[in-house]
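Sharing a structure with you now.
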Amino acid sequence: MLRIAVLGAGRIANIHAANVAAHPDATLVVVADPWREGVDGLAAQLGCEAAYDCAAVLSRDDIDAVVIGTPTDTHIDLLLAAVSQGKAVLCEKPIDLNFAKARAAAQAVEREGGKVMLGFNRRFDPDTLRLRQAIDAGQIGAVRQVIITSRDPGLAPRDYLAHSGGILRDMTIHDFDMARHLLGEEPIEVGAIASRLVDPSLAQIDDFDSVMVLLRTASGKQCHINCCREAVYGYDQRLEVSGAKGVLLTDNHRPSTLRHWNHEHTEALEPLQHFFLERYADAYRNELGQFIQALSAGRALPTNMRDGLYALHLADCALESIKTGRMVEVNYAI
Amino acid sequence: MLRIAVLGAGRIANIHAANVAAHPDATLVVVADPWREGVDGLAAQLGCEAAYDCAAVLSRDDIDAVVIGTPTDTHIDLLLAAVSQGKAVLCEKPIDLNFAKARAAAQAVEREGGKVMLGFNRRFDPDTLRLRQAIDAGQIGAVRQVIITSRDPGLAPRDYLAHSGGILRDMTIHDFDMARHLLGEEPIEVGAIASRLVDPSLAQIDDFDSVMVLLRTASGKQCHINCCREAVYGYDQRLEVSGAKGVLLTDNHRPSTLRHWNHEHTEALEPLQHFFLERYADAYRNELGQFIQALSAGRALPTNMRDGLYALHLADCALESIKTGRMVEVNYAI
Amino acid sequence: MLRIAVLGAGRIANIHAANVAAHPDATLVVVADPWREGVDGLAAQLGCEAAYDCAAVLSRDDIDAVVIGTPTDTHIDLLLAAVSQGKAVLCEKPIDLNFAKARAAAQAVEREGGKVMLGFNRRFDPDTLRLRQAIDAGQIGAVRQVIITSRDPGLAPRDYLAHSGGILRDMTIHDFDMARHLLGEEPIEVGAIASRLVDPSLAQIDDFDSVMVLLRTASGKQCHINCCREAVYGYDQRLEVSGAKGVLLTDNHRPSTLRHWNHEHTEALEPLQHFFLERYADAYRNELGQFIQALSAGRALPTNMRDGLYALHLADCALESIKTGRMVEVNYAI
Amino acid sequence: MLRIAVLGAGRIANIHAANVAAHPDATLVVVADPWREGVDGLAAQLGCEAAYDCAAVLSRDDIDAVVIGTPTDTHIDLLLAAVSQGKAVLCEKPIDLNFAKARAAAQAVEREGGKVMLGFNRRFDPDTLRLRQAIDAGQIGAVRQVIITSRDPGLAPRDYLAHSGGILRDMTIHDFDMARHLLGEEPIEVGAIASRLVDPSLAQIDDFDSVMVLLRTASGKQCHINCCREAVYGYDQRLEVSGAKGVLLTDNHRPSTLRHWNHEHTEALEPLQHFFLERYADAYRNELGQFIQALSAGRALPTNMRDGLYALHLADCALESIKTGRMVEVNYAI
C-alpha cells in the first residue's frame, strides 16, 4: 500500500484525491491546503485527514508519495521539498511559467535523483494509449505528419488568463507534450501564428486566443497544432497521425451515442463533453495508476521533469516565432 | 450496337431512355407512348424518334431490345408481344398486381424461351453490388440474419395508392426481392404485421402505411423487413447482413458529406437524398449496363420472370399473414 | 444513509456490491452467500461484513434494503422474505423462469405493498436514458417503429444454457422489456421465428440461438427484435425508434475512439466492448442510484414486479408463436 | 447553344470534352491536339470534329468558347490567342509555373477585357459548394480557423515531378486557392515547412513530398494546409472551417457505403476513391456548367486570372518561407 498525500483542494486536487482514495494499491492519508473550508470538506468526503500546511505534510514519515495539485507558482517549492524528504511526486503541469526557474528545478531534481512525474494527463487517456500502442505496433509504418486539434469550450475568466502565462504556456503546452509523444522524435524547429479572434481585448494582457503551430523534427517529421480558447460545441480534442502505411485518428467524446435524424439533419450527435474534467476523467485515473504502478515496480516514471521543461521551451519558442516572424530553432542543451 | 426502344414517357421511362442514349454499346432508336406531348419532348431531348403506338414499335426490324417503363397493367401485354417478336426485354417491376396473371405470363415467357429481365434496380446499386460481392467472398461466413429498412420520404397521392396494389406489392416487393438476393436461399415461411400510423384513412382503400415482416428459409436463415410510407428525413434505405464471421451494412446517401457542429449538435449531416430517382440513379445505369452486357455476351440475364413472380408471391403471403394472424408457408411449386 | 445488504457473490452481485460501496448515500453493511470463499473475498475487498445465510440477513434491523443477485431459482423466496421483513428490494431479472410462480410472487408483493424493483439494467444505460428523454421531449413525434438489435459475443457454456430457460426467457427478455419501455404502449400481439444457426446441437436442449420477433400494440405501433447468441465482433446492442418527425438511434460502445485507415479499409474502429459487464457498467451504477434515490424520496420505484411479469409473458408468447406458427395475443389480465 | 472547342487530348481534356458533349446548353464542335491518335479517338467517341493545330482552332468563327487542357507551358500562349480572338476561356490551372510570366498574362487579359476562368475545380465540388453556402448562410458565424488536408494516393512518376514546378506550385496550389476561397479574406503572411518523407531522392530535383503551411489574414483568420504526395488509403481531401458559432467539415468519398464488422474491427469502410478523376468528377461537371451559365447570363466568371496569380504567388511565398526560415509577407500589389 502506497501512502499518499494530496496537496491542494481545488478542482484538480479533488480529482486526484478521489482517484487515490479509490485505488486498490494506495491509501489517501491526508489532503492539505491552506484553504481550510475546501480541504475540510474534501477530507470529510473521502474519509482522510485534513491539513492546512502543505510543507509540514511533506516531512511526515507516514507518507510515501505526494500529488501536487496546488497553484502553479507553488509547484517548484513543494516538489523540491518533497524530493528532499525522499517522497515520490506526481506534479501538475507546468513546472513553472518561467523557463529559467523550471530548468533550475529540473536540474535540482536530477542532481538529487528525485522521482518526479509531470501530470501530462492526456498521454494516459485510453484513446491516446491505444493510439501510441498502434503506432508502436507498426500499424501505420513510419510517422510522417501529426495533426493536433485542441479547443477549449470557452474563454476562461480574465483573472485566470492574466496569470496563466498565456495561451501557449497554459493551454498549448499540453499539445506540445502530445506532439513530442506522438512524433517519437524531438522537434527542432517551431513556427507559429497567433490571433485574437474570440476576444480582441486580450491585447490588454498581451495574450491571444487562437494559435496555429508548425513543428519539424531532425528527420523531417511534421506536426501541426491548432488551438482556440472557444468552441461553442464543446471541448474539441482530436489527434491524427499519418504514416507510410496509413493513418490513425482519435475522436471526441459525447455524453451518449444518441443520433437524431429529422427533416433538417441526419446523424446529429450531442455536443461534445463539456471540458477536461469529463473528457479526461479516465486519463487522470490511468495517470495515477501508472504513477503507483511504476513506484511499486521500481520502474522509471512515465513522464519526468524533462518532459515538463521541453514542453515549456517549445511554448517559449512558439512565442518567439510569433514575435519575430521567424521559424525558431529549438535548443535541447538546456 | 444494341438497338433499343423505350416504351413509356413517364419518370422511370425518362431515366431508362437517358441511360440508353448515354450507353456506349447501345443506340436509343425510339421512345414510344400514347402520351404525345411527353414522348415528343423526350425524343427531342435525346435526339431519337418518337412513336405513339407501343405495340407497333415491337414489330420493327431495327429494334433488338425493349425497355418497358409503362404503367403496371400494360406490362404483361407488352412483354409477351415483345417476346413473341423475338425482342429481349427489360421490364419494370411488378409483372402484374395479380399473381395468377403474372404466373401465366412467366410460364408463357419460359415456354417461348423469351429473354426477359425484371427491373429490380436495387440489386444493381453499387452498395448492393459490393455487399453481395463481400458475402460471396466469404467476408462474413455463412449468412444468418438479414435486416432491411425501407422507408419512402412521404405518402404518395391517394390516386396512386388506390391503384398501387397495396404497400406490400408496390413498395415492399423491392425488399422481398432484396431478401431473396441477400439470403441466398428461398424463404419458406412469412409472417407480417401492418398498421396505419401515417394516415388512418388508408383504411378506406384497405391499405397500410407501415409493415414489418419476418422471413425464414429452410436452413433457418432469418430476415426482417421494415417499411414505412413516410420518413421526414428522406428516403431511408439500409441493409444489414450478419453472418458467422461478421456483419456487413450499407448506409443511406446524402447530397454532400458536409458535417455541422454547433452548440446543439455535432456531426449533423444533411437529410437523405430525397427519393429513388436520386438514390438509385447509379443503380438504374448499372441495371441497363448489365442488361446490355448479358445480351451482348449471350449470357443469362441477371434477373428473370421467376424473380418477379416470387417477389409477388411473398407479398401475397405477407398479406395473408396479416389477415390470418398465421405464419404463411411459401409455395414455390408455381 | 440507506443501509444495504447484497445477496450473492457472483459476477452480478460483485458489481452491485461495489456500486453500493461507492454510493455516497448508501452503506454496504453486509454481503451474503452460501459460497464462503466468494463472499469472504468480496467482503474483504469492500470492507464490509460477510454472511453465509441469506435468509438470516433479511431479518436484521440494521438493513433497510436488499439487492438480490443470487441464482434465478432463489429470487422469489428471497424477495418475498425481504418484503415480509419490510425491506425494499432490488432484484435481478427474471423473477422466475416459470410464469405461474412469477405471477403468484408479483401478486403477493402487490398484496403486501412491497417495494420491489426489477433489475432491467438497460433502461438505466446513459444512451437509453437520453433516448427515452428525447422521445418524451417530442423530438421524433409519435413513435411508429422500434428496432432492437441484441447479440451476445458468444454462446454461453452448455450447462448455463441448459438451465437458462431458453434464449427468449434468458436473453430476449431484456429486449421485451426494452420494447415496452420504448413503445410506450403494451404490445398486444407477438410473432416470432427461431433457428439454430450457431450451434445445431442446441436441439438437444430444445433451445435456439437466433430469434426474430415482431410486436404490435393496440394503436398499431410496431417493434422488431433480433437476437443472436454469437457476434464475433463483440456485444451488439443497438436501438432505433422512428416516429412521425424523425428517428433516434443509439450505437454500440468500443474501448476507444481510435480509427485506422490503410490500403484495405478506412474508418475501422475497434471491435465492440466484449459483453454486458463492460457495456452496461454505467447502467448498473445508474440503476442502483435510481433505486436509492426513489427510496430516499419516497417515490415509486422505476421498475416493478409487473415489468418482470410482462417481459416473461412476452417471452412465453413468442415461444408459443414459434411452436404454433401463429401470431399470439398477449393477455395482460394476469 | 454555346459552341465550344476543347484543346488537349489527355486525361483532363477527355473529362472536359465529355462534359461539354453531355451539357444541354453547349455543343462540342471540335477537339484539338497535335497528338493525332489521341485527338482522333476522342473525337470519334464524342462525335465531334478533330483538329491537330490548336492555334488554328482559335480563329474559327463557329467557336464561342475554348477549354484549355493542354500542358502547362502552352497555357499562356493559347489563352492570350483565344482572348485576342474574342473567345471566352476556361483554362486549367496553373497559368504558368513562372510568376512573372503569369502576371504579365493576367495583366494582358485584364487590359483586353478577356473572359478567362481558371480551372480551380475543387471550388465546384458539391461538398465545397455546400460548405461555402453554409458559411455564407452564417451557420458558423465569423470564420476563425481553416484546416485543409490534401494527400495524393501516390508519388507521380519522376518525369512528371521534374517538370511539375514542385509540390507547392503543382499540388498545394489547389489548397492555396481553397484557403482563399474559404477564408473569405486574403492571406497576408505565409509560413511553411517541407520534408522528403516518402522519397528522399527527391532532393535530386530540389523538390519535397510533404509540406505543412500556415496562413494568416489581416484580421487574424488562420489557415493550415497539410500536403503529402502519398496516402496508401487513397486520395485524402478534407476541409474543416471553424467559426464563432460552430464547425463545418467535409469528408472523403468512397466507392460504396459498405461497412464491415468482424473480430478485428468494426465500421470499416472501403479505401478512399483513388484519385481526382473519380473524386472530382462532379466538380469538373459543375465547373463547366458554371462557366457556360455565367457566359450565357453575361455574368462575371466564378474564377479569374487573379485567382490563378494569387495562388501561384502564395506557393512562391511558401517556398521562400521554407528556404529562409521566415514567415513571408504576401504582396498583392502585383
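The chains carry the letters A, B, C and D, assigned in the order they are written, with residues numbered from 1 in each.
Criterion: a contact is a pair of C-beta atoms (placed from the backbone, for glycine too) under 8 Å apart; a residue touches a chain by one contact, two chains touch by 3 or more.
No experiment lies behind these values; they were computed from the predicted model shown.
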item: Far-end chain from subunit C, centres as C-alpha averages; value: D
item: Higher-contact pair (C-beta pairs counted), B-D versus A-B; value: B-D
item: Computed distance of Cα centres, subunit D from subunit B, in Å; value: 40
item: Subunit A and subunit B: spacing of chain centres that average the CA atoms, whole Å; value: 57
item: Subunit A residues counted as touching two or more neighbouring chains; value: 232-233, 245-247, 252, 260-263, 270
item: Chain-level touch network, classified as line, ring, star, complete or other; value: complete
item: Residues of subunit D defined as touching subunit A within the complex; value: 142, 144-145, 147, 149, 151, 189, 191-193, 195-198, 210, 212, 214, 216, 220-224, 226, 228, 230-233, 236, 242, 244-247, 321, 325-327
item: For the subunit B and subunit A complex, residues of the former touching the latter; value: 232-234, 252, 254, 260-272
item: List of subunit C residues in touch with subunit A within their complex; value: 22, 24, 45, 126-127, 129-131, 134, 139-140, 245-253, 255-263, 270
